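Below: the structure, in C-alpha coordinates.
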(Lines give C-alpha, C1' and ligand atoms only; values in the text may rest on other atoms or scores of the structure.)
Protein backbone atom coordinates (compact mmCIF):
# COMPACT_ATOMS: atom_id res chain seq x y z
CA UNK A 1 0.00 0.00 0.00
CA UNK A 2 1.74 3.10 -1.25
CA UNK A 3 0.18 6.50 -0.71
CA UNK A 4 1.66 9.72 -2.14
CA UNK A 5 -0.15 13.07 -1.86
CA UNK A 6 0.78 16.70 -2.54
CA UNK A 7 -1.93 18.70 -0.77
CA UNK A 8 -2.22 22.47 -0.48
CA UNK A 9 -4.34 22.01 2.66
CA UNK A 10 -2.89 21.12 6.11
CA UNK A 11 -1.71 17.53 6.60
CA UNK A 12 -3.95 15.50 8.92
CA UNK A 13 -1.37 13.27 10.65
CA UNK A 14 -3.96 11.59 12.86
CA UNK A 15 -5.92 10.38 9.84
CA UNK A 16 -2.73 9.37 8.04
CA UNK A 17 -1.40 7.40 11.02
CA UNK A 18 -4.77 5.68 11.49
CA UNK A 19 -4.69 4.80 7.81
CA UNK A 20 -1.22 3.24 7.82
CA UNK A 21 -1.81 1.50 11.16
CA UNK A 22 -4.76 -0.19 9.48
CA UNK A 23 -2.38 -2.10 7.23
CA UNK A 24 -1.90 -4.69 10.00
CA UNK A 25 1.82 -4.10 10.59
CA UNK A 26 3.54 -4.53 13.95
CA UNK A 27 5.67 -1.41 13.55
CA UNK A 28 4.87 2.06 12.25
CA UNK A 29 7.50 4.80 12.08
CA UNK A 30 6.74 8.36 11.10
CA UNK A 31 8.47 11.64 10.56
CA UNK A 32 6.87 15.08 10.47
CA UNK A 33 8.71 18.19 9.31
CA UNK A 34 7.29 21.47 10.57
CA UNK A 35 7.85 25.11 9.75
CA UNK A 36 9.97 26.19 12.69
CA UNK A 37 8.65 29.08 14.71
CA UNK A 38 12.05 30.17 15.95
CA UNK A 39 13.87 31.25 12.77
CA UNK A 40 12.18 34.60 12.11
CA UNK A 41 10.29 32.94 9.26
CA UNK A 42 6.87 34.54 8.79
CA UNK A 43 5.76 32.17 6.03
CA UNK A 44 7.11 29.44 3.79
CA UNK A 45 6.17 28.90 0.15
CA UNK A 46 6.70 25.45 -1.32
CA UNK A 47 7.05 25.33 -5.10
CA UNK A 48 7.18 22.04 -6.96
CA UNK A 49 7.27 20.54 -10.45
CA UNK A 50 3.77 19.15 -11.01
CA UNK A 51 3.76 15.67 -12.46
CA UNK A 52 7.48 15.13 -11.93
CA UNK A 53 7.08 15.49 -8.15
CA UNK A 54 4.39 12.83 -7.89
CA UNK A 55 6.48 10.46 -10.01
CA UNK A 56 9.62 11.08 -7.93
CA UNK A 57 7.81 10.46 -4.62
CA UNK A 58 6.11 7.35 -5.95
CA UNK A 59 9.47 5.98 -7.13
CA UNK A 60 11.00 6.76 -3.75
CA UNK A 61 8.19 5.00 -1.88
CA UNK A 62 8.43 1.96 -4.15
CA UNK A 63 12.21 1.77 -3.69
CA UNK A 64 11.79 1.83 0.11
CA UNK A 65 8.92 -0.67 0.02
CA UNK A 66 11.05 -3.19 -1.89
CA UNK A 67 14.28 -2.62 0.04
CA UNK A 68 12.69 -2.99 3.50
CA UNK A 69 9.73 -5.20 2.55
CA UNK A 70 7.29 -2.61 3.81
CA UNK A 71 3.64 -3.39 4.33
CA UNK A 72 2.77 0.25 3.64
CA UNK A 73 4.44 3.59 2.96
CA UNK A 74 2.99 7.11 2.97
CA UNK A 75 4.59 10.32 1.72
CA UNK A 76 2.66 13.57 2.04
CA UNK A 77 4.39 16.77 1.07
CA UNK A 78 2.47 19.98 1.37
CA UNK A 79 2.85 22.59 -1.38
CA UNK A 80 1.95 26.27 -1.47
CA UNK A 81 2.02 28.70 1.41
CA UNK A 82 2.51 27.71 5.06
CA UNK A 83 3.10 29.46 8.38
CA UNK A 84 5.24 28.47 11.40
CA UNK A 85 3.90 25.38 13.14
CA UNK A 86 2.41 24.00 9.92
CA UNK A 87 3.47 20.55 8.79
CA UNK A 88 5.54 20.62 5.59
CA UNK A 89 6.07 16.92 5.16
CA UNK A 90 4.85 13.68 6.69
CA UNK A 91 6.41 10.30 5.99
CA UNK A 92 5.24 7.01 7.51
CA UNK A 93 6.28 3.41 7.04
CA UNK A 94 4.75 0.16 8.24
CA UNK A 95 6.64 -3.12 8.55
CA UNK A 96 6.54 -6.32 10.56
CA UNK A 97 9.48 -5.25 12.71
CA UNK A 98 10.73 -1.92 13.98
CA UNK A 99 14.18 -1.80 12.34
CA UNK A 100 12.69 -1.95 8.84
CA UNK A 101 10.07 0.70 9.62
CA UNK A 102 12.60 3.06 11.26
CA UNK A 103 15.28 2.69 8.58
CA UNK A 104 12.83 3.08 5.72
CA UNK A 105 11.35 6.19 7.34
CA UNK A 106 14.82 7.78 7.69
CA UNK A 107 15.66 6.78 4.09
CA UNK A 108 12.49 8.40 2.74
CA UNK A 109 12.95 11.72 4.47
CA UNK A 110 16.67 11.87 3.63
CA UNK A 111 16.06 11.10 -0.05
CA UNK A 112 13.06 13.37 -0.29
CA UNK A 113 15.38 16.29 0.49
CA UNK A 114 17.54 15.61 -2.56
CA UNK A 115 15.52 13.51 -5.03
CA UNK A 116 12.23 15.36 -5.40
CA UNK A 117 11.67 18.70 -7.18
CA UNK A 118 10.62 20.97 -4.32
CA UNK A 119 11.89 24.47 -3.63
CA UNK A 120 11.37 26.42 -0.42
CA UNK A 121 11.00 30.18 -0.27
CA UNK A 122 11.07 31.82 3.14
CA UNK A 123 9.35 35.10 3.91
CA UNK A 124 11.21 37.04 6.60
CA UNK A 125 10.64 40.47 8.09
CA UNK A 126 13.22 41.96 5.68
CA UNK A 127 12.05 40.19 2.52
CA UNK A 128 11.86 36.76 0.92
CA UNK A 129 14.66 34.36 0.00
CA UNK A 130 14.95 31.00 -1.69
CA UNK A 131 16.38 28.41 0.68
CA UNK A 132 19.80 27.14 -0.36
CA UNK A 133 20.44 23.39 -0.32
CA UNK A 134 22.43 22.06 2.65
CA UNK A 135 25.54 19.96 2.08
CA UNK A 136 24.38 17.90 5.08
CA UNK A 137 21.30 16.88 3.11
CA UNK A 138 23.41 15.50 0.28
CA UNK A 139 25.53 13.59 2.80
CA UNK A 140 22.42 12.20 4.50
CA UNK A 141 20.95 11.06 1.18
CA UNK A 142 24.21 9.41 0.12
CA UNK A 143 24.45 7.19 3.21
CA UNK A 144 21.69 5.01 1.73
CA UNK A 145 23.62 4.21 -1.45
CA UNK B 1 9.62 18.52 27.91
CA UNK B 2 9.67 14.88 28.90
CA UNK B 3 6.44 12.90 29.07
CA UNK B 4 6.27 9.31 30.30
CA UNK B 5 2.96 7.48 30.77
CA UNK B 6 1.92 3.87 31.46
CA UNK B 7 -1.78 3.79 30.62
CA UNK B 8 -4.11 0.81 30.72
CA UNK B 9 -6.40 2.60 28.20
CA UNK B 10 -5.67 2.84 24.45
CA UNK B 11 -2.92 5.26 23.40
CA UNK B 12 -4.23 8.35 21.60
CA UNK B 13 -1.43 8.97 19.09
CA UNK B 14 -3.18 11.94 17.51
CA UNK B 15 -3.30 13.77 20.84
CA UNK B 16 0.26 12.77 21.64
CA UNK B 17 1.61 13.94 18.27
CA UNK B 18 -0.28 17.23 18.56
CA UNK B 19 1.22 17.65 22.03
CA UNK B 20 4.83 17.08 20.97
CA UNK B 21 4.42 19.12 17.78
CA UNK B 22 3.38 21.98 20.02
CA UNK B 23 6.92 22.14 21.42
CA UNK B 24 7.97 24.27 18.42
CA UNK B 25 10.49 21.82 16.93
CA UNK B 26 11.20 21.53 13.22
CA UNK B 27 11.34 17.73 13.29
CA UNK B 28 9.18 15.14 15.02
CA UNK B 29 9.86 11.42 14.70
CA UNK B 30 7.59 8.75 16.12
CA UNK B 31 7.35 5.02 16.45
CA UNK B 32 4.25 2.99 17.22
CA UNK B 33 4.36 -0.69 18.09
CA UNK B 34 1.12 -2.59 17.52
CA UNK B 35 -0.17 -6.01 18.44
CA UNK B 36 0.17 -7.84 15.14
CA UNK B 37 -2.98 -9.36 13.73
CA UNK B 38 -1.17 -12.04 11.74
CA UNK B 39 0.52 -14.19 14.39
CA UNK B 40 -2.44 -16.13 15.74
CA UNK B 41 -2.31 -13.93 18.84
CA UNK B 42 -5.79 -13.46 20.32
CA UNK B 43 -4.66 -11.11 23.08
CA UNK B 44 -1.53 -9.72 24.68
CA UNK B 45 -1.04 -9.06 28.38
CA UNK B 46 1.62 -6.56 29.40
CA UNK B 47 2.95 -6.96 32.94
CA UNK B 48 5.32 -4.42 34.45
CA UNK B 49 7.11 -3.48 37.66
CA UNK B 50 5.20 -0.48 39.02
CA UNK B 51 7.45 2.33 40.15
CA UNK B 52 10.58 0.82 38.62
CA UNK B 53 9.08 1.05 35.11
CA UNK B 54 8.29 4.74 35.38
CA UNK B 55 11.78 5.45 36.67
CA UNK B 56 13.42 3.40 33.89
CA UNK B 57 11.44 5.16 31.14
CA UNK B 58 12.11 8.58 32.63
CA UNK B 59 15.85 7.82 32.79
CA UNK B 60 15.77 6.62 29.17
CA UNK B 61 13.97 9.75 27.97
CA UNK B 62 16.39 12.00 29.86
CA UNK B 63 19.38 10.17 28.40
CA UNK B 64 18.03 10.65 24.87
CA UNK B 65 17.10 14.28 25.51
CA UNK B 66 20.64 15.10 26.60
CA UNK B 67 22.44 13.03 23.94
CA UNK B 68 20.45 14.46 21.00
CA UNK B 69 19.51 17.84 22.51
CA UNK B 70 15.85 17.08 22.13
CA UNK B 71 13.21 19.76 22.53
CA UNK B 72 10.73 17.12 23.72
CA UNK B 73 10.45 13.35 24.19
CA UNK B 74 7.40 11.18 24.85
CA UNK B 75 7.29 7.52 25.87
CA UNK B 76 3.92 5.86 26.32
CA UNK B 77 3.83 2.15 27.05
CA UNK B 78 0.49 0.53 27.51
CA UNK B 79 0.10 -2.09 30.25
CA UNK B 80 -2.58 -4.71 30.85
CA UNK B 81 -4.59 -6.57 28.24
CA UNK B 82 -4.63 -5.70 24.53
CA UNK B 83 -5.96 -7.20 21.31
CA UNK B 84 -4.50 -7.29 17.78
CA UNK B 85 -4.38 -3.84 16.22
CA UNK B 86 -3.98 -2.13 19.61
CA UNK B 87 -0.98 0.11 20.17
CA UNK B 88 1.47 -1.31 22.70
CA UNK B 89 4.01 1.46 22.68
CA UNK B 90 4.39 4.96 21.29
CA UNK B 91 7.63 6.91 21.28
CA UNK B 92 8.06 10.41 19.87
CA UNK B 93 10.95 12.84 19.77
CA UNK B 94 11.16 16.48 18.76
CA UNK B 95 14.35 18.24 17.71
CA UNK B 96 15.47 21.15 15.56
CA UNK B 97 16.67 18.82 12.80
CA UNK B 98 15.55 15.46 11.52
CA UNK B 99 18.68 13.37 12.18
CA UNK B 100 18.49 14.01 15.94
CA UNK B 101 14.76 13.26 16.08
CA UNK B 102 15.08 10.05 14.03
CA UNK B 103 18.14 8.71 15.86
CA UNK B 104 16.72 9.48 19.30
CA UNK B 105 13.44 7.78 18.37
CA UNK B 106 15.27 4.62 17.25
CA UNK B 107 17.41 4.72 20.41
CA UNK B 108 14.37 4.96 22.67
CA UNK B 109 12.49 2.07 21.15
CA UNK B 110 15.62 -0.13 21.01
CA UNK B 111 16.52 0.55 24.64
CA UNK B 112 12.95 0.24 25.82
CA UNK B 113 13.04 -3.39 24.68
CA UNK B 114 15.92 -4.23 27.01
CA UNK B 115 16.08 -1.59 29.75
CA UNK B 116 12.56 -1.39 31.11
CA UNK B 117 10.78 -4.03 33.24
CA UNK B 118 7.98 -5.15 30.92
CA UNK B 119 6.91 -8.72 30.20
CA UNK B 120 4.61 -9.82 27.39
CA UNK B 121 2.24 -12.76 27.62
CA UNK B 122 0.52 -13.90 24.44
CA UNK B 123 -2.83 -15.65 24.39
CA UNK B 124 -3.07 -18.09 21.47
CA UNK B 125 -5.78 -20.54 20.45
CA UNK B 126 -3.89 -23.36 22.21
CA UNK B 127 -3.03 -21.49 25.40
CA UNK B 128 -0.93 -18.65 26.75
CA UNK B 129 2.85 -18.21 26.71
CA UNK B 130 5.35 -15.69 28.01
CA UNK B 131 7.25 -14.09 25.15
CA UNK B 132 10.96 -14.94 25.17
CA UNK B 133 13.48 -12.14 24.69
CA UNK B 134 15.01 -11.85 21.23
CA UNK B 135 18.80 -11.80 20.81
CA UNK B 136 18.20 -9.22 18.06
CA UNK B 137 16.79 -6.86 20.69
CA UNK B 138 19.97 -7.06 22.75
CA UNK B 139 22.04 -6.39 19.62
CA UNK B 140 19.84 -3.42 18.69
CA UNK B 141 20.13 -1.93 22.18
CA UNK B 142 23.93 -2.38 22.25
CA UNK B 143 24.51 -0.43 19.04
CA UNK B 144 23.86 2.79 21.00
CA UNK B 145 26.65 2.17 23.50
CA UNK C 1 15.74 -7.99 58.62
CA UNK C 2 12.43 -8.02 56.73
CA UNK C 3 12.85 -7.90 52.97
CA UNK C 4 10.11 -7.39 50.38
CA UNK C 5 10.55 -9.86 47.55
CA UNK C 6 8.69 -9.31 44.27
CA UNK C 7 8.18 -11.77 41.42
CA UNK C 8 7.10 -10.99 37.86
CA UNK C 9 5.88 -12.84 34.76
CA UNK C 10 6.37 -16.62 34.80
CA UNK C 11 8.47 -16.43 37.96
CA UNK C 12 5.45 -14.93 39.72
CA UNK C 13 3.20 -17.64 38.30
CA UNK C 14 5.60 -20.43 39.33
CA UNK C 15 6.15 -19.11 42.86
CA UNK C 16 2.39 -18.69 43.13
CA UNK C 17 2.43 -15.11 44.37
CA UNK C 18 3.60 -11.65 43.27
CA UNK C 19 5.15 -10.52 46.54
CA UNK C 20 6.16 -11.78 49.97
CA UNK C 21 8.04 -10.46 52.95
CA UNK C 22 10.88 -12.67 54.20
CA UNK C 23 13.58 -12.42 56.81
CA UNK C 24 16.62 -14.25 55.39
CA UNK C 25 19.58 -15.05 57.69
CA UNK C 26 22.41 -12.52 57.98
CA UNK C 27 24.81 -14.57 55.83
CA UNK C 28 22.50 -14.12 52.79
CA UNK C 29 24.22 -11.02 51.39
CA UNK C 30 23.82 -11.26 47.59
CA UNK C 31 20.96 -11.77 45.16
CA UNK C 32 22.38 -15.18 44.21
CA UNK C 33 22.53 -16.26 47.88
CA UNK C 34 18.96 -15.03 48.37
CA UNK C 35 17.80 -17.13 45.40
CA UNK C 36 19.55 -20.21 46.90
CA UNK C 37 17.89 -19.58 50.25
CA UNK C 38 14.44 -18.97 48.71
CA UNK C 39 14.66 -22.26 46.78
CA UNK C 40 14.72 -24.09 50.09
CA UNK C 41 11.50 -22.42 51.31
CA UNK C 42 8.97 -24.43 49.23
CA UNK C 43 8.64 -26.75 46.25
CA UNK C 44 7.12 -23.89 44.25
CA UNK C 45 10.13 -21.65 45.01
CA UNK C 46 12.48 -24.50 44.10
CA UNK C 47 10.75 -24.97 40.73
CA UNK C 48 10.49 -21.25 39.96
CA UNK C 49 14.09 -20.38 40.84
CA UNK C 50 15.88 -23.56 39.72
CA UNK C 51 17.56 -22.14 36.62
CA UNK C 52 19.37 -18.92 37.57
CA UNK C 53 20.45 -18.32 33.95
CA UNK C 54 16.77 -17.51 33.25
CA UNK C 55 16.53 -15.01 36.10
CA UNK C 56 17.21 -11.29 36.31
CA UNK C 57 17.04 -9.10 39.39
CA UNK C 58 16.52 -5.61 40.69
CA UNK C 59 17.54 -4.35 44.13
CA UNK C 60 15.52 -1.38 45.35
CA UNK C 61 14.21 -1.02 41.78
CA UNK C 62 17.64 -0.88 40.10
CA UNK C 63 18.57 -3.65 37.63
CA UNK C 64 21.62 -5.51 39.02
CA UNK C 65 23.68 -8.63 38.21
CA UNK C 66 22.95 -11.65 40.39
CA UNK C 67 26.18 -11.25 42.37
CA UNK C 68 25.05 -7.80 43.58
CA UNK C 69 24.79 -7.12 47.30
CA UNK C 70 21.44 -7.02 49.08
CA UNK C 71 22.89 -5.64 52.32
CA UNK C 72 20.59 -2.85 53.51
CA UNK C 73 18.12 -3.50 50.69
CA UNK C 74 14.38 -3.07 51.31
CA UNK C 75 13.10 -4.63 48.07
CA UNK C 76 14.44 -7.35 45.77
CA UNK C 77 12.64 -8.30 42.54
CA UNK C 78 13.23 -11.54 40.64
CA UNK C 79 11.96 -11.95 37.07
CA UNK C 80 12.72 -13.29 33.58
CA UNK C 81 14.58 -11.19 30.97
CA UNK C 82 12.37 -8.27 29.95
CA UNK C 83 10.34 -8.27 26.72
CA UNK C 84 8.67 -4.89 26.44
CA UNK C 85 8.12 -2.43 23.63
CA UNK D 1 11.04 21.10 -33.21
CA UNK D 2 8.93 22.80 -30.54
CA UNK D 3 10.20 22.24 -27.04
CA UNK D 4 8.42 23.10 -23.79
CA UNK D 5 10.85 24.74 -21.39
CA UNK D 6 9.92 25.06 -17.69
CA UNK D 7 11.58 27.19 -15.02
CA UNK D 8 11.23 26.84 -11.25
CA UNK D 9 12.06 28.82 -8.10
CA UNK D 10 14.49 31.75 -8.56
CA UNK D 11 15.24 30.69 -12.15
CA UNK D 12 11.55 31.18 -12.93
CA UNK D 13 11.57 34.57 -11.21
CA UNK D 14 14.72 35.68 -13.05
CA UNK D 15 13.53 34.54 -16.49
CA UNK D 16 10.21 36.24 -15.73
CA UNK D 17 7.99 33.30 -16.64
CA UNK D 18 7.36 29.68 -15.61
CA UNK D 19 7.14 28.13 -19.06
CA UNK D 20 7.72 28.89 -22.72
CA UNK D 21 7.74 26.98 -25.97
CA UNK D 22 10.89 27.38 -28.09
CA UNK D 23 12.23 25.90 -31.30
CA UNK D 24 16.01 25.70 -30.85
CA UNK D 25 18.21 24.94 -33.90
CA UNK D 26 19.03 21.31 -34.70
CA UNK D 27 22.61 21.59 -33.43
CA UNK D 28 21.34 22.25 -29.88
CA UNK D 29 21.41 18.62 -28.72
CA UNK D 30 22.22 18.78 -24.97
CA UNK D 31 20.84 20.57 -21.92
CA UNK D 32 24.07 22.59 -21.67
CA UNK D 33 23.80 23.68 -25.32
CA UNK D 34 20.15 24.60 -24.76
CA UNK D 35 21.13 26.77 -21.78
CA UNK D 36 23.78 28.52 -23.94
CA UNK D 37 21.24 29.13 -26.68
CA UNK D 38 18.55 30.37 -24.25
CA UNK D 39 21.00 32.87 -22.73
CA UNK D 40 21.15 34.63 -26.10
CA UNK D 41 17.36 35.04 -26.28
CA UNK D 42 16.96 37.94 -23.79
CA UNK D 43 18.72 39.85 -21.04
CA UNK D 44 16.49 38.12 -18.48
CA UNK D 45 17.49 34.68 -19.79
CA UNK D 46 21.15 35.74 -19.78
CA UNK D 47 20.91 36.83 -16.12
CA UNK D 48 18.91 33.77 -15.00
CA UNK D 49 21.09 31.18 -16.70
CA UNK D 50 24.54 32.82 -16.37
CA UNK D 51 25.93 30.49 -13.71
CA UNK D 52 25.40 26.89 -14.81
CA UNK D 53 26.89 25.55 -11.56
CA UNK D 54 23.71 26.80 -9.86
CA UNK D 55 21.42 25.02 -12.34
CA UNK D 56 19.91 21.55 -12.40
CA UNK D 57 17.80 20.03 -15.14
CA UNK D 58 15.14 17.48 -15.99
CA UNK D 59 14.38 16.11 -19.45
CA UNK D 60 10.86 14.80 -19.85
CA UNK D 61 10.55 14.96 -16.03
CA UNK D 62 13.67 12.87 -15.30
CA UNK D 63 16.54 14.52 -13.40
CA UNK D 64 19.62 14.53 -15.68
CA UNK D 65 23.14 15.96 -15.68
CA UNK D 66 23.64 19.07 -17.83
CA UNK D 67 25.49 17.13 -20.55
CA UNK D 68 22.42 14.93 -21.12
CA UNK D 69 20.84 14.76 -24.59
CA UNK D 70 17.64 16.60 -25.42
CA UNK D 71 17.20 14.90 -28.79
CA UNK D 72 13.55 13.89 -29.12
CA UNK D 73 12.64 15.55 -25.81
CA UNK D 74 9.29 17.27 -25.43
CA UNK D 75 9.95 19.03 -22.10
CA UNK D 76 13.09 20.42 -20.47
CA UNK D 77 13.00 21.95 -16.97
CA UNK D 78 15.71 24.22 -15.56
CA UNK D 79 15.86 24.99 -11.84
CA UNK D 80 18.11 25.43 -8.79
CA UNK D 81 19.15 22.48 -6.58
CA UNK D 82 16.08 21.14 -4.79
CA UNK D 83 15.31 22.00 -1.15
CA UNK D 84 12.22 20.04 -0.18
CA UNK D 85 11.17 18.06 2.85
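Residue numbering begins at 1 within each chain, and the chains themselves are lettered A, B, C and D in the order written.
As a convention for this text, contacts are C-beta pairs under 8 Å (C-beta built on N, C-alpha and C of every residue); 3 or more make two chains touch, one makes a residue touch a chain.
Values in this document were obtained by computation on a predicted structure and should not be read as measured data.
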item: Interchain contact steps from chain B to chain D (minimum; 1 if touching); value: 2
item: Co-neighbours of chain C and chain B - touch as defined; value: none
item: Centre-to-centre distance between chain D and chain A (centres being mean Cα positions), rounded to whole Å; value: 27
item: Between chain B and chain A, distance of the C-alpha-averaged centres to the nearest whole Å; value: 23
item: Distance between chain centroids, defined by C-alpha means - chain A, chain C (Å); value: 49
item: Distance from chain D to chain C - Cα centre to Cα centre, in angstrom; value: 74
item: Residue numbers of chain C (touch at least two other chains); value: 85
item: Per-residue multi-chain contacts in chain A, two or more chains; value: 33, 98, 109
item: Each pair of chains that touches, named by its two labels; value: A-B, A-D, B-C
item: Touch list for chain A against partner chain D, complex; value: 33, 46-49, 51-52, 55-56, 77, 88-89, 109, 112-121, 130-133, 137
item: Footprint of chain B on chain A - complex, ascending; value: 13-14, 17-18, 21, 24-38, 85, 87, 96, 98-99, 101-102, 105-106, 109-110, 140
item: Of chain D, residues touching chain A in the complex; value: 6, 8-10, 12, 58, 61, 63, 77, 79-85
